[in-house]
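Sharing a structure below in structure tokens format, with a few things to ask.
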Amino acid sequence: MELLAQGIVSGILVGGLYALMSIGISLSWGALKIINLAHFSFILLSAYIVYQLTVSFEVDPLLMVLVVAPLFFLVGVLVQMFFHLAKVDEFKSLIITFGLFIIFQSAMQTIWSADFRRIGPVLNPYETQSFFVGGIAFQLPQLVAFVVALLIAGGMWLTFTRTYFGKAVRAVAQDPEMARAFGIDSRRVAVILSGLSTAFSALAGVFIAIGQTMFPELAVAWFGIIFPIVILGGLGNSLGTLTAGVIIGVAAGVSSVLWGPLSAPLVTFTILIVALLFRPEGLITKRSIA
Amino acid sequence: MSGRVRTLVGFVAIAVILGLAPNIQESLEFPRFYLIFLFTMFFWISQASSWNILTGYSGYFSFGQGAFYGVGVYTVGVLVVKQGWSFMTALPVAGLLAGLTGLLLGLVVFRVRRLTGEIFALTTLAIAFVLASVARLSTFIDGGTGIFMTGTPLPEFLGEFTTAAYRLTLAIALITVVVAYLIHDSRLGWGLFAIRDDEPVAEGLGVPTFRYKMVALGANALLAGLMGGVWSLQLGFVTVDDVFNIRVPLFVILMSVLGGMRHWMGPVIGAVIITTLTDRLNSAGLADVNQIIIGGMLVVLALAVREGVYVRMRRRWLTTAVTFFGVLGLATLLDLNDSLISDFAYAMVATVVVMLVPDRVWAQFADLFRRSEPVEEPTEAEDLTRTGP
Amino acid sequence: MSILQVTSVGKRFGGVVAVDDVTLQVERGEILGLVGPNGSGKSTLINLLSGFYPADKGLVVFDGNDVGELAAHRIAALGIARTFQIPRPFHTMTPRENIAVSYMFGRSPHDLVEARAAAEEWLAFTGLALVADVGVDQLTLHQLKFLELARALATHPTLLLLDEVLAGLNPTEINQSMEMIRRINDRGITLVIVEHVIRAITALSNRIVVLDQGRVVATGEPQKVMSDPAVVAAYLGTKRRDAAG
């Protein structure tokens, strides 16, 4: 029973991390109509960079946020500018970002090899620390990731509902031409949003580096988790993504306890299928960004 | 109708010629390697063509080729090695099971009203992981230990092992291409094209979109599974990681994008070119860089060559013939290296590069050289795949 | 018996009620105009009738058949066709191919060879014979609208729904289109026309139905309906509304 409770708690926390990983793709797809498969590579690449810098310069890995977040923001900006120049539509984006994903995967494999990489307890004191509440462990990296995810989801929700920028994004998402007619610089909005998306993914990468071992195939393993979350949570819907992340996280966690870790993709996928079956009219009833 | 008959006769002729290749290889004492190279090519021709029946014709982008292929591989592996079935009985079951997997997927996803296309694409992406997971967990299937396929007995009439494998892959590849061809210029094919262009409008005009999509998906899955079943013999040792990895879906996308997704010949051409190039890259020791090049090619192609090279090859047929045979002849004469395949590779690369020249630039060239034949601008739109409803 | 009987049909999208409670009849062989200010539910009604999406409530009976739950392709097989306000041709196909595909499916299945030949008839009828084999991106808006018509006609409908077919056309083109519509009607095809161009709709229609905010506010002869104060109010707003707005 205690094991189950642990599974649920860990599931909730890791769900936050999953949500953080998903929010980049969700925003990109919902607001920019670009399905950016390269996000998986960005997350992993950020993790590897954090690993490399931490190990090479012997610094605190958490500080690496200051490095990767702006770096990947820039990457996102460049990617969006490229897409705009090449007039890429929703489906071409699938192929192109798939190609980019493959390139990044190969590059990471070449640079860091297929070996497992872990920062190690000396430089990374966070990985093994946990808070204990009633015998249940709240692992520090996951806890911090969850809090960050909560802040970001909440922050994005506030941004989209309260600020001018947020409303501009929603306008562009619904009708770019119209938005432009109203004086919104949709290119600038798109570029900033893309930068934010990749920055969030980079942030997720930091927590990956702190929380677990890394290897190239990890990015591929995430497909089966992130996409159910993106679809269940609603495109561009940050709070929805957080909720979906938690649901999937708990499902994966509980099924790991009950049937072993290999059963997780099966369970999450089943959840997705069931959701699709029972809401055949579409999961996103309000295609609104919030 | 005579065009149809001519093409079908052509298929039969190709079947006979290629079918006799093992005998030719033996009597003329060509290296065995050529047979292996050829049936690898057949494998990819079949996979790319079956994938294109769904994605190219209907516009529903599938990342799921690996899943269907994997079902085929493991069905044969489990039934033949673990359950003692004969190969020829297990093979059709492999195809049917793979087809069923596809249909089940379609039953769920095609009923969704909005974003069907996107959700379909991503679900196909996820399904391979799920199946891999199932295979790993279930000791009935794999259990993490893999299956040894070597020593599987094959029927006598197929000949010894390599020849048998060759003939089987040839047969499945032929079936796949013929199916793709038959669908292409049929009511089903045009219905699929209409779905690709604008599904709600097609539905409103009387196209039974759900049924047609299921047929395309089912055909894709079945053929992929069939070829997977045959290919399990070639793999020797079947493991979850090897079967369900990104290679199959990636390559079929690349091949079809290169060759062209609008026509049944596109994936064939693409498969021939890519198989040759990767073979040469591997023998040159560049196997690691392989994936980076593949990814790069995908990006470049998606951007630069909307309709694929096959359509351009047909339009610029004279140049294609001249370039291809010219470079081939040159390479053979100059004896740049000892492999005939390398000569073909050079010829292919040269032709593809020439095909990459955009039509507008080409039109200016053509005016200079040839008599005033009007060179048409391509009238097809840029989408490689559909946009959602 | 009327060819189309719509009873208490409603449709909402999230919080927005697009069609509230619409009841109307379409008589065989007539041209029924469907008018109303923007947002009154005209296009939604067309979508409902052609099976684009199902209604939330109410009954739609076409030619004696309850079409409420039918898939759009079955509704097409029964004989309803529609055109789109912004033309949606199959962009990788030529006009001829567009029409041929339509003919191949539609009311009854036909094969490829028949279809290509049959397309000639519709190309001629809509005057598109000269541009039959060019890419659709080369057609003018007027030609695209006629292609929409040709494609819809090739399914052999008994009821044709036109969604703002005159939008964006100049006066000459409008007159040509009106002439085309009359010729279609002469062939025995019943028409429901959604339109904003008032002079055209009053000239063409046998009867007019006026929608406002998802409900029918008036039905009857064109002249009578267009001078009905309720209709005027719907379009222009009442004095009180004006003062407030």
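Should a chain be cited, it is by its letter among A, B and C, assigned in written order, with residues numbered from 1 in that chain.
Here is the rule we use: a residue touches a chain if its C-beta (ideal position, glycine included) is under 8 Å from a C-beta of that chain, and two chains touch if they have at least 3 such contacts.
Just so it is clear, the structure is predicted and the values come from calculations on it, not from any experiment.
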item: Pair with more cross-chain C-beta pairs in contact, given B-C and A-B; value: A-B
item: Most widely separated chain from chain A, with each centre as the mean of CA atoms; value: C
item: Chain centre separation (chain B, chain C; CA means) in Å; value: 43
item: Chain centre separation in whole Å, for chain B relative to chain A (CA means); value: 33
item: Contacts with two or more other chains, residues of chain B listed in rising order; value: 113, 383
item: Two or more partner chains touched - positions in chain C; value: none
item: Contact footprint of chain C on chain B as seen in their complex; value: 113, 185-187, 190-191, 193-194, 196-198, 200-210, 262, 379-381, 383
item: Chain A contact footprint on chain B (complex, rising order); value: 61, 63, 108-109, 111-115, 117-119, 121-123, 125-127, 129-130, 132-134, 136-137, 245-246, 250, 253, 257, 288-289, 291-292, 294-299, 302-303, 382-388
item: In the complex, chain C residues that touch chain B; value: 50-53, 71-73, 76-77, 81-82, 84, 88, 90-94, 97, 100-102, 104-107, 109, 111-112, 134-135, 137-138, 151-152, 155
item: Chain A residues within the chain B interface of the complex; value: 29, 35, 86, 88-92, 94-96, 98-103, 105-107, 110, 220-221, 223-224, 227-228, 230-231, 259-260, 262-266, 269, 272-273, 276-277, 280-284, 287
